[in-house]
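The first chain written gets the first letter, and so on, giving A, B, C, D, E and F; residue counts start at 1 in each chain.
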Amino acid sequence: MTACTECGADVVLPDDLEVGEIVDCDTCGTELEVIETAPPSLDRAPELAEDWGE
Amino acid sequence: MAATERDASASGGETATASVVGASGFAGGELLRLLAGHPGFEVAQATSREHANRTVGSVHPNLRSLDLRFADPGDLDAVDVLFAAAPHGVAMEYIEEWRDLTDTVVDLSADFRLDSESQYDEWYDGHSAPDHLDDAVYALPELSRGDLAGADLIASGGCNATATILGLLPLHEAGLLEGAQVVVDVKVGSSEGGAGGGPASSHPERSGVVRPYAPTGHRHEAEIEQALGLSVSFTAHAVDMVRGASATCHIFPAETPSKGDLWAAFRETYGDEPFVETVAGGSGTYRYPEPKVVAGTNDAEIGFEVDPENGRVVTFAAIDNVVKGSAGQAVHAANLALGYEETAGLDQFGLHPVGSP
Amino acid sequence: MAATERDASASGGETATASVVGASGFAGGELLRLLAGHPGFEVAQATSREHANRTVGSVHPNLRSLDLRFADPGDLDAVDVLFAAAPHGVAMEYIEEWRDLTDTVVDLSADFRLDSESQYDEWYDGHSAPDHLDDAVYALPELSRGDLAGADLIASGGCNATATILGLLPLHEAGLLEGAQVVVDVKVGSSEGGAGGGPASSHPERSGVVRPYAPTGHRHEAEIEQALGLSVSFTAHAVDMVRGASATCHIFPAETPSKGDLWAAFRETYGDEPFVETVAGGSGTYRYPEPKVVAGTNDAEIGFEVDPENGRVVTFAAIDNVVKGSAGQAVHAANLALGYEETAGLDQFGLHPVGSP
Amino acid sequence: MAATERDASASGGETATASVVGASGFAGGELLRLLAGHPGFEVAQATSREHANRTVGSVHPNLRSLDLRFADPGDLDAVDVLFAAAPHGVAMEYIEEWRDLTDTVVDLSADFRLDSESQYDEWYDGHSAPDHLDDAVYALPELSRGDLAGADLIASGGCNATATILGLLPLHEAGLLEGAQVVVDVKVGSSEGGAGGGPASSHPERSGVVRPYAPTGHRHEAEIEQALGLSVSFTAHAVDMVRGASATCHIFPAETPSKGDLWAAFRETYGDEPFVETVAGGSGTYRYPEPKVVAGTNDAEIGFEVDPENGRVVTFAAIDNVVKGSAGQAVHAANLALGYEETAGLDQFGLHPVGSP
Amino acid sequence: MAATERDASASGGETATASVVGASGFAGGELLRLLAGHPGFEVAQATSREHANRTVGSVHPNLRSLDLRFADPGDLDAVDVLFAAAPHGVAMEYIEEWRDLTDTVVDLSADFRLDSESQYDEWYDGHSAPDHLDDAVYALPELSRGDLAGADLIASGGCNATATILGLLPLHEAGLLEGAQVVVDVKVGSSEGGAGGGPASSHPERSGVVRPYAPTGHRHEAEIEQALGLSVSFTAHAVDMVRGASATCHIFPAETPSKGDLWAAFRETYGDEPFVETVAGGSGTYRYPEPKVVAGTNDAEIGFEVDPENGRVVTFAAIDNVVKGSAGQAVHAANLALGYEETAGLDQFGLHPVGSP
Amino acid sequence: MTACTECGADVVLPDDLEVGEIVDCDTCGTELEVIETAPPSLDRAPELAEDWGE
């Protein structure tokens, strides 16, 4: 159980996660990258900006 | 199709009788749908003058499995709860009669939403039954849950007002609206106009529009102001959907909050609300509130974003205007008034994928 | 939003565990929605390779209230019922593994719908697990209810085949199809293509179309022929909706029946069916079957008209392709296989008004 | 916006005056649009009873740049060509008066399409001016080009009939329809119903439909039979678009032709037609005729496919019902009647991408 | 279909050669459509890497009558005018090469819209050919008509920026924007995303949306600020249409003007503009600007309303994003650069009725 | 309880019906006109044909 860096909510992590995997916060939906596993630590994953032409 | 059986456990076993005035309309049809699936209600009568004696399914094809014919509103019997979904002005005309027939009137029109006769003079064409205004409780449970237990005259909120108020409430409670400039830009579907639309709502004219239909001076400003103590600059656009109201609020608070501040405010206001989901960013296709996600449900999606360059907070609110914005809100309020479980009869999921419900 | 609580009474109190393979797809998402509201099932796992570890709500925004993350299909645990909604070819590849994990596989793909390997050689690119074909029961309960009790490999029907078969079944049972010429003209929504559409299914290209997409030689002809012993001339058009399949069958029987004959035939076939409604003429706006009326539900609307001038019977069938045409049919079949009440978890009403769901 | 200037070269320099009866309607509005961009016509009057004296732009917002107001149909002046786009029955009532005012009447209604009074007795409610039937030339130029030069009463074809006839004409000319069973399954947009739609054509009810609206016995069967000497089994469905008619013809000829035979037949019939494009297979997204590709234009897309298993030929025809199916066809016929260049005023391109025009 | 013949009179008889880079895209396709109907241009080459050697009609079905195949962008020949409609970043990469091949480059991307390298550092990822920035003229002719004659590098404006600037320009010129708070709430169609959309732009996901896609920080703020000297609070929503951008601007000026003041300001700014129509109230269904009215045309509809209670002016602007918002604006600018008649090739009428173009 | 003239199903009639009133059959939807009330008798009501332009 780790805090989401975006909204502060607790994120329940699957136990077999590896460093580099992506999970989303189930409160705010932000994609979080697993930085470390023991103890678990998360950071906002690099985002693919939606590219609208215009 | 066999009639659907449901047990009444969510309401503690008891079943109340309910009738619906204006049952051939869009909001009235939704009341019938929700009550038919509600364990605590049994529908007694559904009125329509035009379709009296015809089956409910002849107007609402989704309800063909109900064994129910429209009755004339003049033939209403006594009932536990009377839901009314007639146009503005009808409820104030019949309110005495109705209150004689039932202990609980839930009115979906604007007739009992405002607190005082003077507001009706200002925003509408006055009021013909102002004595009942004091008895009325505004339904939006996120705002007035505490007053709804045992209420005997419930005024269900306007759909655009509901979306706007829900989008602003966390900021209001966090004190962020004090002295703030607020612009509300709303996009609505065609069911807001009701079943009796005119030429502008024919399919060829109404399809594909982004049509400013209430550029300024919309009557729902009155409800919003009453709820939040704040005058907002409101503009509504008709867009190409049938169900749905989406309110984008642009707020310029005295001081710009951080995203964390806003998450805290939203969690404070909506953390325990059964029908409100905060959707604010995240990943995937659906990052902010969208009306099509909540179509057919009593859910509201509310979200926000911060614009530090311009000192602005933007909030987004998406509801189904005929459910959370009217019939669902009314049933939710009735659940609270009768002491039923709050979510009884209102636990439908939305659809995915879905086009333009 | 609080998770929805439902009691398990419709299933006699017992609760089976169920997992869904292909849960990030359109049919898989509908399985999750229906199982979440089903009193007799508890979802154990939902697979997606691409979205493993992410919340189900990140893909299906209507399911944000579910507390569930996608699992990798390689990590499947033993379960009571395994629903599979992967593309054609995947089930035949994994069927051995899956049957080791569960007693009941319900597959939504075409992999086990046809009776024999030779049919797969003719209509598909062969079959890699033909030994299992004999075990499979075709799911359409209106056709095969009797075989479904205790079935351990269930092949849920194709959506276009389902609509067509339901539109022809009463005529088939009344002997009116013998030697008849049959044209089937189908109109379908974009969700039939699944979540992974190509350029032709982008919004700008796919909007507003009446696009012949399978002018001749559609693979569902095989299923229809197997079900009814009759070769049909089948053509499908993509139209602008997301959900829905509508099959218009033009039949030239040896002798033209009367409307009364047809009412008798339809009553005979569908009089007791919980999910079929006969809609054939009448008054009001909705006189014949329409897919938008049944969107989101497991209902089928079936209707007919007689054309005495041309010696023709026309039948109309409307379903939601991702419910009655796949996920709902699969749950219906599972209810029968497990001895649950037939309608358990499938009692949603459609919406009215509704745009283009 | 400055009025658009166009030169009259396409018509050899001369300019005819034209008036439009029923100019506030959908077909009438299209006549105004096409005539405004036509080098050989100058619009004298445009009638509407309801909107008399208002600007044309108040009804047709796309024509705000025209400096023209509606006149009452009782105030019509003499003119070179009178186009009439009023509902069925009006032209037969006023035909004497109109022919006194002009040398050339082009009527878009069904009033002069059929050859004989007896056909009107059979398919309509008789005819009140049968003496004029002999003078009338059916407009579809691909069928009757030779008769149109100098015609003084032109009956523009029905939109569904136009699509169907164009889809069948090459087979007819190649002798492939003799003794053939023919099913015509049509999908149409909401503008077919005209500007004065009822409750079924309101946006909430008409959106997203696949609605059988003329299951059997459609009046256009009469036109098709007259044109091709063949009775067809016709069924029409309303689908969610505003403009467009798409006819899928399922033909069972005595002997099944090859694709090569069909290409030869289509080339023979349409090789030199300025407004017909054969679209039959190919690559990319748009492989068969689609109405949205031709929306706003006078073009027809016609295609075909062979189904050897079932001994069937399928043809597809797509047009814009208010252009090629009415106003454009009428202008095309007038061009031929007056000896103008055939394509004058009708050279618009369709749009890509485009949604649901 | 026979190729359309047009005379070159509008351009004084001369004909320039033009090539289009990015011709398989949405804006590129519109350039081809407009140039094909333009009397002063002859298209030499149309590039696509993916579709090289295929016919233009295989991608743009509305252009099947053109006798033209895609060329590889590496095979470009010298030409009078080179139009480029490639994604952001391509023009800056090839600008040297292109200017060697032609005297006039008209670029539709954002690559040369901003004045200085530092703006590209702030809003984009820098600029790789900053030396050319000084030569570039921003295309919006209502803003920069005077600078376009003889321009040899033209930067066509962004579609949302175009709509916003046109909605604010009269107020800007009347001094009403000084110190004003401005909120811009934009609704756009799916063609804005270009032909290469991702999962969020598939038909099932993109249909029926009111989807906030750029809540804050949209790059077009830079263009608007450069044009008007004013920072605006900008939010864009995707709605269910293919073509169209609609900008609603909520302005709080120091002093609230009257409707008469605003009519005067709009008349002053747009009275002589060939492509701008002021639509502000009036009667009938279409009272304010709507994108569907101008779809397929180079017209902009601009309107306004006053909200005295809140001290607010609301303006509405509606354009077709791929015409007035890109390809049409580019041709308009090229007309001015070459000394052609300003409206040459751009005199199409919109459609009525029309669905969701 | 009377038989529908169109589909033969039983139509349950409200008891206060008067001659000339319209009810729809709840099986086939046909509009039925009340011809007599005692005993009740029904006939297909005259239909308003939907008028599509074309």
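Keep in mind that, in the parts below, contacts are C-beta pairs under 8 Å (C-beta built on N, C-alpha and C of every residue); 3 or more make two chains touch, one makes a residue touch a chain.
Model, not experiment: these values are computed from the prediction.
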Next item on the list: Mind listing the chains that sit against chain A and also against chain F?
Entry: B, C
Checklist line | Per Cα centroids, the chain farthest from chain E | finding: F
Check: At the chain D/chain E interface, shared numbers over all numbers used: above half (same) or below half (different)?
Finding: same
Checklist line | Pair joined by more contacting C-beta pairs (A-B or B-D) | finding: B-D
Notebook entry, point to check: Whole-Å distance, chain B centre to chain E centre, using C-alpha means?
Noted result: 39
Checklist line | Geometric centre distance via CA averages, chain F-chain B, whole Å | finding: 36
Notebook entry, point to check: At what distance in angstrom does the C-alpha mean of chain E lie from that of chain C?
Noted result: 45
Next item on the list: Send over the residues of chain A in touch with two or more other chains.
Entry: 24, 29
Checklist line | Overlap residues in chain E, where contacts from two or more other chains coincide | finding: 26, 190-191, 195, 199-200, 204, 207-208, 241-242, 285-286, 290, 353-357
Item checked: Complex contact set, residues of chain F against chain C -> 6-9, 24-25, 27-31, 47
Checklist line | Residues of chain C that touch chain D when the two form their complex | finding: 181, 183, 185, 187, 199-200, 204-205, 207-212, 215-217, 231-233, 235, 237, 239-241, 244, 246, 248, 250, 252, 285-292, 303, 305-307, 309-310, 312, 314, 316, 318, 353-357
Check: What does chain C use to touch chain E in their complex?
Finding: 26, 190-191, 195, 197, 199, 201-204, 206-208, 242, 355-356
Next item on the list: Mind listing the chain C positions that touch chain A in their complex?
Entry: 53-55, 57-58, 67, 69
Next item on the list: Using the touch rule from the top, collect the residues of chain E that touch chain D in their complex.
Entry: 1-2, 4, 6-7, 9, 26, 29, 33, 36-37, 54, 58-65, 189-191, 195, 241-243, 272-277, 279, 282-286, 290, 293, 295-296, 299, 322, 343, 347-357
